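Chain IDs A, B, C and D follow the sequence of writing; residue 1 opens each chain.
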C-alpha cells in the first residue's frame, strides 16, 4: 500500500491541464469552454500544492498562490459570464460558432 | 581667376602690348559679334546687323594680316627657321601634374597662314551675304552664327594645346550644325545638319581616344612639348609609346590613326564624307565659308599640326595617303555624274582635300622630302580662294534662277557676265591650268607624289584630269549650252556688294600661285626653294586641257552625247550617280543595327525585365498576404490551437534543438 | 560662417510659408527664401575660397559640433569641404530655379512650396553633415516630400510612380542603414562621426560586408544600373519643379553618399568592388543612352539620359583616381544644373503645347525663340559641347579613367566615350523634332517664356556656362577634397 | 513604515483615490457628462503631473512591490496615455451613458498595470496582470448593443483566460523548479535545465499573448475591430506599453541567467512578428484592424530592442513606447473622431479627407510617418535606436530583415496618406468640428511626435533613469 508520490500528482495535474485545453478546443458552448478553463486553473492549483508539499515543504508560497488563483478564477468567471450573457442578448445563442463575424 | 589674368598679361607684355592684344582680339572680335547679335540682334540691329558684323570681321582680318606680316617678316624668323611662338597661354583645366588643358595662342607658319585664310574668306562671305541674305527674317541670327563659326575656327587654328584644338573642333562642328540647319523649317535641312553633326561626332570619338592615348604616353597635352617628346627617339615617352602595342600595332600608330579618323570626319574623307553633300542645304555663302574653304580643311590642318609626330610612324602616314587618294578619285568620279551644282562643288571639295591629304601622306619631315607638306599647305591656301569663289559664283547663279539643278540653267553668260568671268577663272584655277593658282599647288603635290609613290602619282594624275572635266562640265552647262529663259524675270546680277567678293577672290585665284610659298611654310620651318620642272608639268596640264575639251565637246551645245556616253557605261554610271550607295549603307547601319538591334532591345529590356523585377517583388508580397489571410479565421478555438501549437513549438525548439 | 544657417534658413522659410494666407504671398516668400539661400550659398563659396586662400588646410572648414543623443555617440557635427560646397551651390541654383518655374502652380500652392523648401532643407543638411546619423536623417527627410510632390501635383500614372519612387528610395536607405550600423559597431569604437571613422582602422571583413550595402543603398538614389527603374517613371510623372529637384538634387545625394561615405570610409571595400562598379556604370552609360534613343516622350528622354549621365558619376568613383573622382563631382554639379534646366524647358513647352510627344511638335523656334534657344543650349550641354559644363565634367572623368593603364579600365573608358556619339544622336533627334522642322498651325498662337521662366533659365544657364567657360574654379574647389579621398583609398 | 508606504506607492494611491472618487460620484447625485468628463480630465492631468514628484527608490512587502525612477517614469507614460485618451475621445465619452463606469474600469486596469510594472514577485505579477486584463475585457464590450463588440470581448476574455492558465502553469513549474516566487531569488536558482526552459516558455507565451506576438496574436485584430475605438487605443497603446515594461524587467532581471536562450527566442519571434504583421496589414480595409496589424509589426521592433539585453535596450524600448503612445494615439484619435461624426471606418472612406479637414489630415499623416519611422518625426529616432540596440549583438541577418520590413510598412502607411492627400472623392467626409478637448489632445500628440525626437534630452533623461 504505497502512498502517491509527487509524480502521480503531477501526472494527474498535467492530465487535467490537457483535458481542460482539449475541452476548450472542442466544445462549442461558451459556458462549457469556461468550465474547461477552470479545469486548467485547477490543475495549476494541484501543481502548486503538490510542489509545496513534496518539494518545498518548509514554506507556504504554493498554498497561498493557489488560494489567490481560486479567487481570481472566480472573478474572471464572473466577468466572463457577464460577457457571455451580453453575447446571448445580441446573438440569441451562446454557441461560439455563431460569433465569427470578425475575421481576416 | 587671378592666376589666369596675370599669366595672360604676362604673355602679352612679353611680346609687346599691341601684338599681344592684336592676337587676342583676332578671335575675340567675331565672338563679340556673335554675343551682341545673338542677344540683341533681333531687337535693335535688324538689317544693320550685317554691317556691324562685317566691320568687326574687317577689323579682325586687318589684325590677322598685320600679325602675318609681323610674323613672316619681322620677328617670326630666327637663324633661318620660323619659330613656334606661344605668346599667350594659361591653364584652363588641370587634370594631373603636367596634363592640363591650356588655352593659348601658338604662332607658326601654318597657323598664321590659316589665320589669314580664315579671316579673309570669312570677310568675303560676310560682305557677300549682305546682299545674298538680304531680307531674311533671321538675318541677325545668321550673322551671329557666322561670328561664332569664325571665332571657333580662329581658335582652332591658333590652338597651342591639343585639347584646346579639340574644344574648338567641337565648336566649329556645332556652328556648322547651326548654319546648315539655318533654314530650320526644311526637313531636308534639319536632316542634313543632324547628319553632319553626328557623323563628325562619331569621328571625334576617334580623335578623343587618340588624344587620351597621346596624353597618357606623352604626359602632356601641349603641342610643342608633345611633339618634342614624341619625336626625339631617345626620350622615355617615345620608347614607351612605341613599345606599347595593341593587336600588334604600336600605341603611337593607334593614337595617330585615331586622331586622323577625327580629321577624316571633319574633312569629309572617304568613308566619312556622306555628310558633306547634304550639308549643301545650308545657305550658299555658308557652304563657301565652312564647307569649302575653312572648316573642311581642319582635318588637313590637324594632320599638318601633328605632322612631326606622324612622320615618326610609317603606317599612319600610309593610312593618311591611302585614304586621301581614295577620296580624291572617288569624289571626282561622283562629281562627274551629279546634276545639283552645289553637290558637284561639294564632291570636288572632297576630292581636293583628298589631294592635300595624300600629299601630306607622301611627305617627309624636313628638307627636300618635306615638299609634300608645303604642297599640301599651298594647295589648301589656293583651294580656299578658288573654291570659295566657285561657291559664291554658284550662289549668284542660284540667286538668279532660284534653282540648284543644271537642267534649269544654261546660257547664263549674257545675264551674269561678271559671275561668268570669275567662275571661269576659278574653273581654270582648279583644273590646274597655268598660270592660275591651282596650277602651282597641284604641280607641287604631283611632284611630291611622284618622288614618293608611283601608284599614287598615276591615280592623282588621272584624278586631276577628271577634275578639269567635271569642273568644265559644270561651267559649260551653266553658262553655255541651251538657254532656258523660262526664268525670265531677268533681274540681272545682284549688285556691287555681291560682285565685289567675286572680283577680289578671282584676283586671288588668278595670282596667288606666284607667292613663293615654300619660303614661308615648310615642315621644318626652314625655307624650301620650290624647284620648277617644265618637262614634269606637261602631263598634268595636257590632261587638264583634255578634260576641258571633252567637257566642251559634250556640254557646250545641247546634244545627246552625254546620254549616249552615260548609256555606254551604264552600270558604272548608275553606281557613280548613286554615289556608290554609301548613304544607303549608312542608313542600313543606323536604322537597322543601331535602332532595331540595340536601341529597341535595350528599351524593351528596361521596360519588361528590370522594371518587371521591381513590380514582381511588390506583387509577390501582396499575393503572399492574400494567401495568408486564412490564419485569421475568426474562430477563437482555432486561435487557441495556433496559440498552443506555437507554445509547444517553442518548447520543443528550445529544449531539444536550439540549445 | 555658421553652417546651421543653411538649415535654419529653409526652416524659417517653411514657417513663413505656413503663416502666409494667399498664394501670391506664399510664392513671394518662397522666392525670397530661395534667393536668400542662393546668396547664402554664394557667401559660403567665397568664404570657403577665402579660408583656403588664407592657407587653412583643414580637411573640413566651418566645423560645428553640438551635443545630440550623446548616449549613442551621435553629435550634430557639421562641416564642409570643396565637394560639399560644390553640392551646396548646385542645390541653391536648382532650388531658386525650381521655385521660379512653378510660379503658376494653382493647386494647393502653399503645400507645394512648403514641400519644395523641405526638400532643399534635406539636401543642405545632407551635404553639410559630418555625422552619419544626421546624414541618414536628412537623407530620409527628403523621401516623403518627393512622394507627395509626385502624388499630388504629378501627371500620368503618378500613383504608381510615386509609390515606386518612395519604396525604392526607402529600400536604398534601408540598406544604407544596415551599412551604417555595420560601421558603427565595426570600428574600434562605436561612433557615427565621419571624421573619427575615417581615422580609425575598420576591419577588412566589415568593409567587405558594408561597402556593397552602402554603395548599393546610395546607388539606388543615383540610378545605379539595375536599380534605376524609379528614375524614368518618377521623373516623368513629377511636376516640373519636382523633376528638377529629383534629378538635380536628390540623385546627387546618392552620388555624394557613394563618394563620401562608402568610398571614403571603406577604402578596402572600394578597391574590392571597384571593377563591379565600373562594369555596372559602363552598362548604365551605354544602355541608358540606347534606351533614350527609343523614347518619344521628352521627359522620358531626359530621365533615361539622366541614367546615362549619372553613370559617369559612378564610373568616375569606380575608377579610383583623383582626377576621375574630381570629374565625378563635377559631373554631379554639371548634370544637376543641366538636367534641372532641361526639365524646366520641358515643363515650359508642355505647359504651352500640352504634349510631351516629340513627334507631335515641330518648328517651335518660330513661336518661342527663347525657350527653344534654352533647349538648344541644354541639349548641347548634355551632349558635351565645349564651353558648357557637360564637356568639362565628362572630359575630366575620361582623363581620370584613362590613368588606369590596364585593358579592363581602357575598355570601360572607351565604352563610356562611345556614349558621346549616342547622346548626340538622341539629343539631336529630340531637338530636331521639337524645335526645328515645319510648324503645325495649331502652335502658331503660342507665347514665349514669361519673366519667371526666363529668370529661372538664365540662372541655370549662368551656372552651366560659368563651369563651361571657366572650369578652373570648380576644379580648384573639388580636386583637393578628391585628393584626400583618393589618398585614403590608396592606403597612404 | 507608513511614510515609505505613502511615498513609494503614491502613484497607485492617487489612482485609487481617483477611482473611489468616481465611485462616490457615481452613486452620488447626477452630474452631466460634460462636467464629469472635464473633472476626470483635470484629475488625470493632475495624476500625470504628480507622477514627476516625490520619486523614490525602494521596495515594500518583502520585495513584492518595488519602485524606482525608471518605473515611475514608465508609470507617468501610462498616465499620460490615459490622459490623452480622455481628451481624444471626449466626443464619444460625452455621448456614452456609462461614462463613470468606463473610467472606473479603465482606472482599475491602469491600477493593475501600475502594480504590474512594479511587481517584484510572481504572485504580485499574476494578480496585477489579471487586474490589468479583466476590466479591459469588460470594456471591450462597452458598445452593449453592437454584436461585434460583444463578440470581441468574448474572444478576449476566453483567450486571455487560456493564456493566464498557461501562465499559471508556467509559474507553478518555476515554483516547482526553484521553490521561490520572488524575482530577487529566482535568478540565483536558474541553471537552464529542461524544466526551467519549459516553464520559461510557458511564461513567455503569456507575455507573447498579451503583446500579441506572432503566433499568439490572432485575437488582436478581432478584438481591436470589435471594441470601441477608445478601448482599442487603450489596448493597443497602454496595455501593450505596460506589458512591455514588465517584460523588460522580467527578462533583464529575472531570466538574465538564461539570456542566450531568450535572446534567440526573442529575435526569432521579432522577425516573424514583423513579417506577419506587415503582410496582414497590407490588405486591411478597416482602419482599426489596420492599426491592429501595424501595432503587431511595431511590437516586432520592440522585441528587436529588447533582445539587446543592455542599458541601451531598456532606454530605447522605453523611449519607443513613449513615442508610440503619441503616434498611435494620434492615429486612433483621428479614426475615432471620424467614425464618431461620419460613422466611417474604412480606408477608402478617407479619400479626399485633406480637402475637408486639413488639421486632422496633417495629424494623421504625422502619426503615420512616425509609425513608419520617417524623419523628422519621433518614430524615426525610436525605430532607429531600437534597431541599433538590436544590432549591438551583431546579428545582421535579423537587422536586414527588420530594415526591409520598414519598406513594406512604408507601403501600407503611404496607402492611407495617398487616400487622404491624393485621391479624390465625390462625397468626402464632411467638415468635422472637433471638440476643443480633442483638438488639444491632437495638438499635444502632434507636438510630441515632432519634438520628442528632435529634443535629445528626453532620451538622455530616460538613459539616466535606466542606468
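Note that a contact is a pair of C-beta atoms (placed from the backbone, for glycine too) under 8 Å apart; a residue touches a chain by one contact, two chains touch by 3 or more.
Note that the coordinates shown come from a computational prediction; the quantities given were computed from them, not determined experimentally.
J.: Out of B-D and A-D, which chain pair has the most contact pairs?
T.: A-D
J.: Need the CA-centroid distance for the pair subunit B / subunit D, whole Å please.
T.: 78
J.: Measuring from the mean C-alpha position of subunit A to the mean C-alpha position of subunit D, what distance in angstrom results?
T.: About 27 Å separates the centre of subunit A from that of subunit D.
J.: Between subunit B and subunit C, what is the separation of their C-alpha centroids in Å?
T.: 36
J.: Let me have the rounded angstrom distance from the C-alpha centre of subunit C over to the C-alpha centre of subunit D, please.
T.: 43
J.: Out of subunit C, which residues touch more than one other chain, so two or more?
T.: Where subunit C meets two or more other chains at a single residue, that happens at 167.
J.: Where in subunit A do residues touch two or more other chains at once?
T.: Residues 21, 24, 33, 96, 99-103 of subunit A touch two or more partner chains.
J.: Which residues does subunit B have that touch at least 2 chains other than itself?
T.: Expected reply: 618, 629, 632, 634, 636, 640.
J.: Provide the full list of chain pairs in touch.
T.: Listed in label order, the chain pairs in contact are A-B, A-D, B-C, B-D, C-D.
J.: How about subunit A: which of its residues touch subunit B in the complex?
T.: Residues of subunit A touching subunit B: 21, 24-26, 33, 96-97, 99-104.
J.: Residues of subunit C touching subunit D in their complex?
T.: 67-72, 133, 136-138, 140-141, 143-144, 147-148, 151-152, 158-159, 162-163, 166-167, 170-171, 174-175, 177-178, 181-182, 184-185, 209
J.: Would you mind writing out the residues of subunit A in touch with subunit D in their complex?
T.: 17, 20-21, 24, 30, 33-34, 37, 40-41, 43-44, 47-48, 51-52, 55-56, 59, 61-62, 64-65, 68-69, 72, 75-76, 79-80, 82-84, 86-87, 89-91, 96, 99-103
J.: Could you list, by residue number, the parts of subunit B that touch subunit D in their complex?
T.: Checking each residue of subunit B against subunit D gives 618, 621-622, 624-626, 628-629, 631-632, 634, 636, 638-640, 642-643, 645-647, 650-651, 654-655, 658.
J.: Note which residues of subunit D are touching subunit A in the complex, please.
T.: 122-123, 126-127, 130, 134, 137-138, 141, 144-148, 150-155, 157-158, 161-162, 164-166, 168-169, 171-173, 175-176, 179-181, 221-222, 225-226
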